[in-house]
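The next block holds one structure in the form of C-alpha cells; read it before the comments.
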C-alpha cells in the first residue's frame, strides 16, 4: 500500500491553515498535533492516553515506530490544500493526512486521500456533506455537523425562547452555510418555529449592515447567523450595533443565534457574544477526566487552554494511532476497518461511536452561551447543556446526508 | 419606500468607507502616478493603531488572587490597568472606553511617519519604473506588513468597540414619521459618515486652495521640468504620500468599531477600492468619492431580498457589473482625466 | 531548424534538455540528509512547475509583448479546469478530450472578455478584466454551484455517467491507459529520482507551448504586438488596426491559461473556484514580472520560484528547524530558531513578500536579469547585447527629452 | 568665496561668470559628452553649435543637472557657485534656467498656471503683467491648457516661464525650431531684450546664422567634444569651419 | 479635380475657432506647401485629414472618397501617411524594427497575424527597409533603440517610415525642424527625388523658407484658421499680406 513505513519511523501529515482567516485555528491545531506526537512517542504527561478507554497505546510510537510529522499550509483553499497534501504523500511519504479548518477543504482533501490511498482524519468540518454526499471510505470525521447542531440547539432554543418564534436566517453563500441553514431551519421548524426568510450573504462580505437592517422589519424575532470565522464576527458585531438585541418584536425580546460557535472566533466579537446561544464540539471547561487531562497537558505546555479545533485533531491523532495498533498494520484498509463501528470513551464528549455506514462520529454535543461575566480572556463561553449523543444521532440514510457512497477503501499502489 | 431609504442610508456609510479608502489611493495614483497595492495595508495599520492604543491603555499590573483559580488550578491573576491606578478608576476607564477616538491622535503621527518612510525608502525609486513593477513591489510590501501584524496580533479579529456613548442605534425612521423599528441606524456609523465627509472636504480644500496641489500635479506630469523651475518636488511627493497614508490610516482607525480588525482586512478592501478609484476615473478625487458612494449605495440595493429574488446572486457581482457598464460607456470612468494611466 | 534561427534553436534545445532532466535537477540533496527538505523533485511540484510555466508563458504573450496587464487571467484557468473535470465526469478519465475542451472553452471565454475589455487600455483594461474574473469567481463559488460544485470544487463521483468508461478502465486520469500518477522511482546512491508520467506529459506540452511562444515572439505578429506596446497612435497612423492583434494575443494567452487549467485538473481531478480569484490572477502577474516580463524564460522561472516557496518553504516547521540547528548548544539553538522562525513555515508569506521586494528593487528586469548578470560576470565579456533573450528584453524607455 | 576653476578661460583673462570645465556625461553606458569646457562672461551670449547628435542637448541637460545623462566628471560654476554638486532644483534656485528643446509645457495646467508654477520658489523674476506685455498672446490664452497651444505659442510660453524666475544664466535649446519667421524675429527681439537685461545666455540652434548674429561667442561641438571656441564673427568669417561642422 | 479636396472645413476648440472655412485642393503629384504663423491651424488641418480630429463642418475628399468618419488606420490604408511635428515612432523598438512595421502594413493591410513566420524569412521586406534606411542616411543606426536617437534622427526615421509605405499622399508637418543644415539639404533632395520618381503627392508644412521654396509648387498661406492666399512660390515671396502676417521684414 501507499507509503508503507519501512524504517524505524512513520510520518503523519498535518495539513492546517497557516495563512488566511483561519490561521489562528491552524496554529492551535498544530500545537495539539505536536502534543499528540509527543505523547505517542512517550514524552510529556501522556495527555488523554491514560483516560482513553482503549489502552493499547504505550508511548513507543505507533507499532513501535517513532512518530514523525510534516506540516503544510492549506491556505483555506481546496486547491492549495490538495497540493500541500499531495506533496506530503509524494515527497514526505506521509501515511495519514489530517487537519483543515473548513468543509470545502476537508471534502477536497478527503477526495484526494481516497484516490491516493491514505487515511484522512478530517479536522474542523461542520458541513453535512463531509460524511454525507461526499463521504469516502478513507475519510473519518471526529467533528460534529450541521444536523447535530440543529438537533442539539433546537430544544434549548425552544425552552428558552418559546416555541412560537419566527426566525430570519442570514447564511454564508456556500455549501457549508446551506447545509447548516437547512439543518437549523428543519430542527427549529420541527419544534414549532417558523422561518420568514433565508438570505444568502456573499462570501467576501465584510459589512453586513445592508443585510441586517431589514431584519427588524421582517416580522422575525430571532436572527440565525449561519456564518463562521470572520463572517460570523462581523455579522454578529453588526447585528448588535444595529441594536437588534435591545428590541422587542411581536412582544418578545429579539434574539440572535449563532449555531456554530468557536471560542477563538467568539473572542473576535468581544462583548457582543454575551448571552448568545450556539453549539460547539468541545469546550475546555468540561469536567470529565479526558477533557481535564487534555486541558492540563496542553495548558502546561502552551500556557492557555486548547480550542475545540485543538481537541478534535488531538483526538484524531490518538484514534488513528490506536486503530493502527489494534489492526496491527498501517494498511489503510485495515485501519479503516479498525475504526469503523468503533466505540470508545475517555476522549472528552463521553462515549463515542465511529459509525461504519458513513464514518461520522457520534458523541455528545455542547450547547453553549456567551458568558456574561468572563473571569479571564479564555472564559468566553459557558456550557448550557450537554446534549446526549442519542439525541443528535440520525439514520445513515437521512435525506440531508443522502446521495453519496463510501466506495471501497483504497490502499493505494 | 422605507426599504429604499434604509438601503440608501446603509449605502452611505458603506460608501463613506469606500470613498475614504479610494480617496487615499487616488491621491497617490493621481498625483504621484504610483499604483500602490500597499494602500490596503495602510488602512489595516491604521486600524491596528487603534488596537495598539487600546492595548497600551489596558496595560495592566498583575496581582494574584488566591481565592480564585485559573483553568489549570493555579491562583488566578487579577489585572488592573495602569491608567486606572494612575488617573483613578473613573478617568482610567473612560480613557480605555474612548480608545478609538483617541486612536486618531495616536494614528496621525504614526501614519504620517510610515508614509514618509515608505516613500523615502521605497516608493521614490519607483516613480520612473513601469506600473507593473510598482504593483509588484507594493504588493510585496503589503504582504510583509500583513505578516508582521499577524506575527504580533494573530490572525483572529480583535474587538475594538466604540465608546459607550456611541454604541447602539437610534430609530431614524420614527423621527421621519415611519413606523418604529423600520429604519434604525447605529450611532457610530453616523459618526463614521460625518468623519469621512470631514476628511474628504479637508483633503479637497487642501489641494484646491493651496498651490501645493498644483505643484504636485505638475510634478506628476513632468518631474524634470518642475525641478528646472526650482521646486524640490521630492519633498512634496513625500508629504503627499504622508497625507495619503494618514487618510488611509484614519479611515482604518474609525472603521474598527464597525468591524473588528484583522490582519488581512486591507486585502479585503484593496481590490474593491481599486475598482472604486478606476470607476471614478484615474486621478480624479471627486470621481473617487462619487464612485465610492455610488457603489456603496448600489451594493446595498443589490442586497435587498426583493432584488435578489429577481436576480439571484446579484449582490455578489453588482460592483463588478456596474464597473464594467460604466467603463464601457464612459471611457475614463466617471470623471477621469485624459491620458492618466491609459497606457 | 523548425523555422527558428540558429541561436533560438540552441536555446530551445537547452530548454528541452532542462525540462526533461528536471526530476534529476530538482533532487540535488540525498534522501535523508537534512537538506532533503529542499528537494523539489516530486511529481506534484514538478507538474506544477510545468503547468504554471505554461500559464505564465501564455500570460507573457499578452502582457510581455503588448503591455496590456490583465488581472483576470485566472478566470480562464478556472474555465479550463472545470471543462476538463466535466469531461471526466461525462466521458472517461482520458485527459485528451478534457484538454481539447479546456482550450476551446477558454478560447471562447477569452474572445468574449477580450472583445469587451480591449475597448479600453491601461488600468481601465486591467479593471475590466479583473471585474469579469471576480464575477466568474463569485458566481462559481455560490450561484453556479450546480455546475461548479461551489466551495468544495468540482470532483468526479462514482455515480457520474462517464459514458466512455469501459469495463475495468482506469479510475485515475490517464492518456490512453497510461496513468498520470504512475512513477518510475530510481534510487541511485543516496538519491531517489522520481520519473513521473504526469510530469512528462505536462513537460512535453510545456515544451510545445514554449516553442509556440518562441515562434510568436520572433514573428511579425510578435513585432506588431510590441509595436502596440510602444506606440499605438503611430500604429494606427501607419495603417494598422491594433485591435485584432491585441485580441488575438488575448485569446491565445487565454487558451494557454485554459490549457494550464486543464492540465491542473488532469493531474489532480478537482477544480476549485479559488482558481479564478483575483489572487490567482495576481499570482501569474507576479510570476511574469518576477521572472522578467517580455523575456521568454523569465515567466517560467518566476512560476517555479513562487511555486517552490509555496510548497517547500511553507512546510519547514519548528521541528525541521530544530533538526537544522540541533548541533548548537540549547540556548543558542533556541535563539537562532526564534530569529529564523518568522520566515519559515507559516511565515513563508513574509519571506515571499521580502523576496518580491528585493527582486524588483535590485533586479528591475526580474530574475532573468539576475541570470544575465551572473552570465555576464562569468563571461567577463563586455556586453554582448545580442544574447538569446535580451533581444526582446523590454528596455526601459529612457526618460529624456524626446 | 569659492575658488575659481583651475583653467581660467581661453578668451580673456577676467574670471568667467559662467564656466563649464571638462564635462563627461553618460546615458547608461553610452558615453555622450566627452569632456566639454567653455566659459561665458556676464551678459554674454554664447552660441553652442553642431550637427544632429553632436551632444548639444546632452551638454545642456548635464549643465542643468538633470539626472539623464548622468554627469560623471567635470565642474560647473555660476557666479562663484558650484552647480556640479547640486540637484536640478538647487541649480535652478542658484539662477540657472533651461528652456528644453521640446518645450516641456506641463500637461493639465493652464498657461497661467504654468507661469505661476515658476514663481513658487524664490527668487522670482518678471511679473505676470510684464510677461504678458512682452507676449500678448500668452495673455490672451491664459486660461487655455498649455499643451494645446500651437508649437510657436508653446515656445513663447517656455521662454516666458524661464523669465518668470530671477535667473543668472539662460540655456536655450533650439528656441527657433518650428517657429514662423515673424515669430523668430519676435523671439530674437525678445532675446535681445534679455541680452540688454544682462542675462547671460547659451543658445543651441540649428539656424546657425541667426544664432551667430545674435551671439557674441561660439562653441562648436562634434561627437561630444569641443572642436572650436572663439568669437561668433570668427565662425561667420571662416567658411571652411562652417562647411565642415555646420554645413553652411 | 485634385487628389485631395478640402471644402469648407471648420473646427472649434471651445471658444477658439482653430479652423474657419478652409478650402484647399492639392493636385496629384504636386508638392503643396502650407505655411502660416504659429497657431494658424496648420497641424489642426492635418489632424482633420488623418482621422485624429473630426472637423465640425465641411468635407474632405481623397482620391474621390470621403475620409471623414473613417478610423485612422483606414485613412492610412487609403494612401495617406503623415510625419508628425513631434516625432511619433516606436520608442521601444530598434530603428530597423520601426521600419518593418510600415512595410508589413503596406503589404498586408490593416492586419494579418503571421504568427508563425519569422522576420528574416521575409526577405523582400527586409531589403526594402534597409534600402530606405540607406536613403535617409541611417544605415549605421539600424540596431539602435529608437528612443535613444537624437531629435533630428528621430525625424528622419519617421520620415523613412512614411516614405517606405509609398503613400499616394504624404503629409509632412515640419519635417526638417531641428535638422542640421546638411541634413535639411539631403532631405530636400530626397523628397524631390521621391516626388519625381514615385509619383507621391506631398503636402508640407514648414517654417524654413529655404525648404518651402525649394520644394513647393504651390503654397497656401493660412492665418487664423482661414487661407489667406494660395499661389506659386514666386508670387508668395513678395506678397505684402504674407510678408506682414508671416515672413516678417528680416527675411533674406
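We call the chains A, B, C, D and E, going by the order they appear; numbering starts again at 1 in every chain.
The working rule: a contact is a pair of C-beta atoms (placed from the backbone, for glycine too) under 8 Å apart; a residue touches a chain by one contact, two chains touch by 3 or more.
Keep in mind that this is a model prediction, so the values were computed, not measured.
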{"item": "Which of C-E and D-E has more C-beta contact pairs", "value": "C-E"}
{"item": "Furthest chain, CA centroid comparison against chain C", "value": "D"}
{"item": "Averaged-CA centre spacing for the pair chain D and chain C, given as whole angstrom", "value": "52"}
{"item": "Centroid distance [mean C-alpha coordinates] between chain C and chain A, Å", "value": "35"}
{"item": "Rounded Å distance, chain A centre to chain D centre (Cα mean)", "value": "77"}
{"item": "Set of chain C residues in contact with two or more other chains", "value": "138, 141-143, 349, 398-399, 401-402"}
{"item": "Residues of chain A touching at least two other chains", "value": "23, 27, 173, 200, 202-204"}
{"item": "Residue numbers of chain E (touch at least two other chains)", "value": "148, 151"}
{"item": "Residues of chain D defined as touching chain E within the complex", "value": "27, 30, 50-53, 57, 101-102, 137, 144, 148-153, 155, 174, 177-185, 206, 208, 246-248"}
{"item": "List of chain C residues in touch with chain A within their complex", "value": "39, 42-45, 48, 138, 141-143, 145, 150-153, 155, 157-159, 172, 181, 194, 264, 268-270, 272, 274-275, 310-311, 314-315, 317-319, 345-346, 348-349"}
{"item": "Residues of chain B touching chain C in the complex", "value": "35, 122, 125, 128-133, 135-137, 139-144, 146-148, 151, 224, 271, 274-275, 278-279, 282, 312-313, 316-317, 319-321, 323-324, 327-328, 331-333, 336, 341-343"}
{"item": "Residues of chain A that touch chain C when the two form their complex", "value": "18-19, 23, 26-27, 30, 34, 69-73, 77-80, 82-84, 86-88, 90-92, 102-104, 107-108, 111-112, 115-116, 129, 134, 173-176, 200, 202-204, 404-405, 407"}
{"item": "In the complex, chain D residues that touch chain B", "value": "64, 66-67, 87-90, 92-93, 97-98, 100, 104, 106-109, 113, 116-118, 120-121, 161, 165"}
